[in-house]
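Beneath this line is the structure, given in structure tokens, with notes to follow.
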Amino acid sequence: MTNELLLWLLPLPPLLAFALIVLFLNKSNKASHTVAILSVVLSWLGSMVLFLRALGIGAEALAEHPMHDSLVWLPGKTSLLRIGVYLDPLTAVTLFFVAWTIVMIFVYSVGYHNYGQPKGDHDEKGYPPHGATVEEHGHKHKVPSIEPMYARFFAFVSLFAFGMYLLVVSDNLLTLFAGWEIMGLCSFLLIGFWFKKESARAAAIKAFMTTRVGDVFMLLGIAYLYVATGSLAYTDVFNPEVLHQLAHSPAPVLGMSVAGFIGLLLFIGTVGKSAQWPLHVWLPDAMEGPTPVSAMIHAATMVSAGVYLIIRVFPLLHAAAEVPEFLSPMPIIAFIGAFTALFAATIAVAQNDIKRVLAYSTISQLGYMVAAVGIGAYVAAAFHLVTHAFFKALLFLGSGSVIHGMEHGVLHTGERIDPQNMYNMGGLRRKMPITFWTFLIGGFALAGFPVVTAGFWSKDEILGEAFAGHHMGVFWTLAVAALLTAFYTMRQITLTFLGEPRTEAAKHAHETPWTMTVPLMVLSVFAVGYGWVGVPKYFPVLGGLLPHWFQEWVGAVFHLYVKEEQAVSHSLVPLLVSILVSLGGLALGYVVYRGVTRADQPDPLARPLGPIFTLLKNKYYFDELYAFLFVRPAYWLAEVFTFRWLDRTVIDGILHAVARLSWNLGQFLRNYIDLPLINGFGDALGEGAKGFGRLFRAIQSGRVQHYMLVALAHVVAFLMLVYYYATMS
Amino acid sequence: MIPLGAYLMVSAALFVIGAFGALARKSAVAILIGLELMFNAALLNAVAFWRYLHPQGFDGTVFAIVILAVAAAEVAVGLALFIAVYRRFGTAEADEIALLRG
Amino acid sequence: MVAYWIFALVSLLMVLAALVAVTNRNLVRATMGLVLVLFGNAVLFVLLEAYFLAVAQVIIYIGAIAILIVFAIMLTRHVGDAWGPAFHRAWAWAVVVAGGLAVGLLFWIAHWPAADGKAKSPVDPQYTKLLGKALVAPDGYVIPFEVASALLLAALIGAIYVAWGGRRVKGPYPQRSEEKEA
Amino acid sequence: MGAFLRDPSVLVEALRTLFLGWGLSPGLTTLLLYVLGGLVLATGPMLWVIFLIWFERKAVARFQDRLGPNRVGKFGLLQPFADVLKLLTKEDIIPAGVDPILYWAAPILSVAGVLLLWPAVPLGLGIGGNINVGVLYLIAAGTVGTFAIFLAGWSSNNKYALLGAMRTVAQLVSYEVPMVLILLIPVLLARSMNMQDIVRAQDVWFIVYVPLAALIFLIVSIAEIGRTPFDLLEAESEIIAGFHTEYSGMKFAMFFAGEFLHAFTIGILTAVFFLGGWRGPGAETYPVLGILYLWLKGFLVYFVVVWMRATHPRIRIDHLLNFSWKFLTPLALVLLVVAALLDKVVVDLGTWPRALAHLVSHGVVLAVTLQIVRAWARRLPRPVVSEPRPVARPQPQPQPTGTGD
């Protein structure tokens, strides 16, 4: 098969699987997951073939002549709106991680939804499975039960995979947007998968509405781009001449160039999809969906799509930034990214829900990437995108495995505890060794554990670029965020896996079935190994030994637009800083949280002033020092400043003030204007309103022809107007 | 050769008559007939424009084919609705069916 | 010359038939008026050298759509009977709007410079063949074509679904909920 | 004369020069020639109908072991003329409450619908129809007949007529689907919609390529003209005479003639599509000979139609519709797809291998179809002629306990 044909076919199997499951196979769980997994394996196979072929072509050649094919979508007079497929090095690496994570998540979902378990005792559609009673060896006990909407899950998730593939292989922004919206729909459906839970419904709506805000701006950007250039295909739009022209014509607002303004609009789309401040609010709530969904949304696909988009339109942003007369969008992007990175990291420190910590961490890591794009380090951003996809998918799936194990324990013991709260866990490393080791690898990658993990290399590269480009504000913000990242990661690992079980449930937790552990193992290979393809040149010793593949590969894409910067003498400061913050954070996290032994114990950081005394008896003065020096401020920043003050007091305060104001206004109106009026002229007013109602009621006659008449009359009037102006002017 | 304007006039006449039918008739089927007349006017326009302005291209013809398909679909669905409405209300006079009346 | 006469005759017939189609109280006769218009349209297509479309017009419109309309009239008792006025009470408004439309359109056509234009070039004798190829060529019109077929399929299924179910409710109207309560 | 036999168009040219000699303008001459050609084409078949009527009556009579018309003229050959005379002199009854325009239009349309088919028919090499989209034209012209019948039924203001019309329309619309599908097979084999091209492509008759398609075409055509066994539109036991219940005199005769002509036209069309049309020895050199061949072949098929009429009972309405939708349409679709796929592969093999490949494919399709039909038929509930009715069964008598004798 030719490359182009393969590219065309790539998104189709999941779509087909979706259709098949929805239309025919939804009665059979086995057929549903078989078809779904088969479809994504097919897509995976195609992706791998394409990836290998792309490798064979080589970065330079592929960037010069990307695999590209297109069809007429709508024949128009001047420009042909075409749909097509496109594969350049950036697409290739994106396809690589998308294909792998999607397959892993699909396989994992089989285990997560308890395939092979009996039907639940009182499970119903729209609620998570509650467990089933089975009789074994003469006595009854509870085991997990199969998800009642098993087939539906696979249908949705297949559609989701289709959306992602469509987005990645499309050669223009319109189909990209189509894929983007399909994913938006699927994330809505999947977050609200257990639709009878109030919270899930709310979360689904919240996610949908919040991302919508970004999408509208993005659509505006796309429309503006189409108006400005007459095309949406990458090959047309990212033509140096077109870019030059766009960058030199002023946009009507904000003192920006057209390129910058379009870039900013598209970036707002990214802000929504990739959950950047201030549109980050939906992502933590999206944890209401099943865990594979969280992995899907927060790691492999949807949030990555935002960053993918912004890397994809990087030439536009770059061109805009090059022209000094106009305001550049880049600092805005850098600021939002860096701020989000720090802001989300501080929140993550104070969370107890295992998935919620990861959610905030995702926001923070996406902030890293966005900040990297904002300082012009798109290669570093892409690199972190890929490594993050792997280790965050791993972490989410790992957390799902933990929750699953805990649920098993909860069902067994009948305790009424939250299986997602880390304080209820502890000591799981012995119960769930595979989950533990893989989670450890993922966590270390997230924390940027030096040299061996992928996260280190990508994060280090971002820090290095920031330092080299003299973006010191970004650099230090990201460094602090990295420290916090390492800290909360270790906190999570410590609370979950280390120490002793703090509840009965944790004691009875189980390792999960192979369908869940195998994906974890596969992903952990990538979480470690993927970093080794992108070791920077200047890195001592290893830089010379290991390939510098990723930088060359992705770097080749935008070669045309971005002049290669002269080799800056890379200092070792960022390297040292990144090693320091990562190791420091990890150590800190471990040291602070290893003492948690009871489930109802308050967080060591949250200890109010009183119990400090009791703590003093403890021999960990070291803890206190750290707590005082770093942790408490960090916690304060997280809890008091960011959460209570910024979030609760300021943002909520404004909202409440508005609410109170309007309520008061309403009271005022009611008491001093409305009631007297009603007393005085109530009847007259009522009659008047009724009269008006009667009058206007005639408009809504419910008759088709009436509406048609009015519509046609307007059309006629409008046409006459148009004609009048067209001929007069 | 007949000027293009003559075709446009015929088409305009059909369109207006069809519009009047769609707006003024009582029976749902008659409204459909009016709509069909309007479709035909559009069709005639498309073909005439094709012939006079761009006879080498395919846009006009393809447009006409699409109009044909849409008209067929419209009639199929319209008549199905008509039959369903008739079954439900026992009448097919469009102005008597006003469930959405405000 | 002959073409002029044919055109004049046919278009006159079409306008008259269209008037019959929209004014005749008897639905079957109105449909016959419609059929005449459709047939006239096919003749005009022949004059325009769009032979394929002329034949397609006859097959689809007369062979399918008109028959379908007639069938629907037959399937619903009394609908085909001619009783009561053909127009609803507000028909005068329709006249006003349609008249406005007519004035606007005629004005527009009369003032349009290309309206008395002659055809730029003759039609390729192989046009139908080329059209057939263009309709299924990946770089031609295959997507509109397929979309149209998908639309037809959807309409077919939808029509069957809509016409299939639903039982007749006793009495002329279903009761509105508020009326029931009152 | 010899020139005419070789190239019949000399006749047209001669006429043209004649008219031009009279001082007519060229445009008018062309129009006149068209009108003249149309007249010939319309009159010829109509006259032929008279013979057909005689033939059919005679043939059916022989099938039924009767003599048939034998009084008027030699072998009763003049019987149709007598009939026409009788019909012409009958009183022209117009029932009350008919829709006058449509009532009159219907019989005219009925005949016109059949005659409209003729311009597309290639009568010989270079004679007759040479329409670019001929097959589509045929289908389009076929709709006129449907309308005629419907109008007749509706305008008669008679329940039975309306019922007959409804049945007819349902039947015709249903059978049009497999007909169109089947017609596409010769089109596909000839790579053209022009019927002249289709005939020219039949170095080997298409019936050899696709016998099943020919059979289906014949069946569907018989249904299209509403002949036995598909003559439900005039099932006298149920709906008197169907759509033409209220027609009498000459108007009835027009329906009658239209039906006979249609039957013969079907024969001609079958010949064109599947039996090589005008092809035959010497038909290329002397195109006029082609007309004869075509006539013979058409007449042969017509005889088969008459034969079927004489030997088959009428089928039930639900069977009729089911037969079309559930059997013929799927089968036609399958045949079309098979033919399309196969022809793509074997088109370059030469005439006979290609024909054989198609023939084999039809054998396979036939075998599979029969197997499916058999399997389906086995699952049908056996028709119960009469249920055992509950009768007052004698109560079980107490056993005699041996107290007797």
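Going by the order they are written in, the chains are A, B, C and D; count residues from 1 in each one.
Going forward, a contact is a pair of C-beta atoms (placed from the backbone, for glycine too) under 8 Å apart; a residue touches a chain by one contact, two chains touch by 3 or more.
Please read these numbers as outputs of a predicted model, since none were measured by experiment.
Between the contact lists of subunit B and subunit C, the overlap consists of A. Each chain gets a centre from the mean of its Cα atoms; the one farthest from the centre of subunit A is D. The distance from the centre of subunit A to the centre of subunit B, with each centre set as the mean of the Cα atoms, comes to 48 Å.
Averaged Cα coordinates give subunit A a centre that lies 50 Å from the centre of subunit C.
Chain centres here are Cα averages; for subunit B and subunit D they lie 34 Å apart. Here the spacing of subunit A and subunit D, counted between their Cα centres, is 67 Å. Contacts with at least two other chains are made by residues 52, 56, 71, 88, 90, 93-94, 97, 101, 140-141, 144 of subunit C. Looking at subunit A, one finds that residues 75, 705, 709, 712 touch two or more other chains.
In subunit D, there is no position where the chain touches two or more neighbouring chains simultaneously. Contacts between chains form some other arrangement here, matching none of path, ring, star or all-to-all. Residues 1-10, 12-21, 23-27, 29-30, 32-34, 36-37, 40, 43-44, 47-48, 50-56, 58, 61-62, 64-66, 68-77, 79-84, 86-96, 99 of subunit B are the ones touching subunit C in the complex. If you check the complex, the residues on subunit C that touch subunit A are 88, 90, 93-94, 97, 100-101, 104, 107-108, 111, 138-144. Residues 3-4, 7, 11, 14-15, 18-19, 21-23, 27, 30-31, 34, 37-38, 41, 44-45, 47-50, 52-53, 56-57, 60-61, 64-65, 68-69, 71-73, 75-76, 79, 84-91, 93-95, 97-99, 101-102, 105-106, 109-110, 112, 114-124, 130-131, 134-135, 140-141, 144-145, 148-149, 151-152, 154-156, 158-163, 165-169, 171-174, 176 of subunit C are the ones that touch subunit B when the two sit in their complex.
Residues of subunit B touching subunit A in their complex: 19, 22-25, 31, 59, 62, 94-95, 97-102. On the subunit A side of its complex with subunit B, the touching residues are 75, 696-697, 699-705, 708-709, 712.
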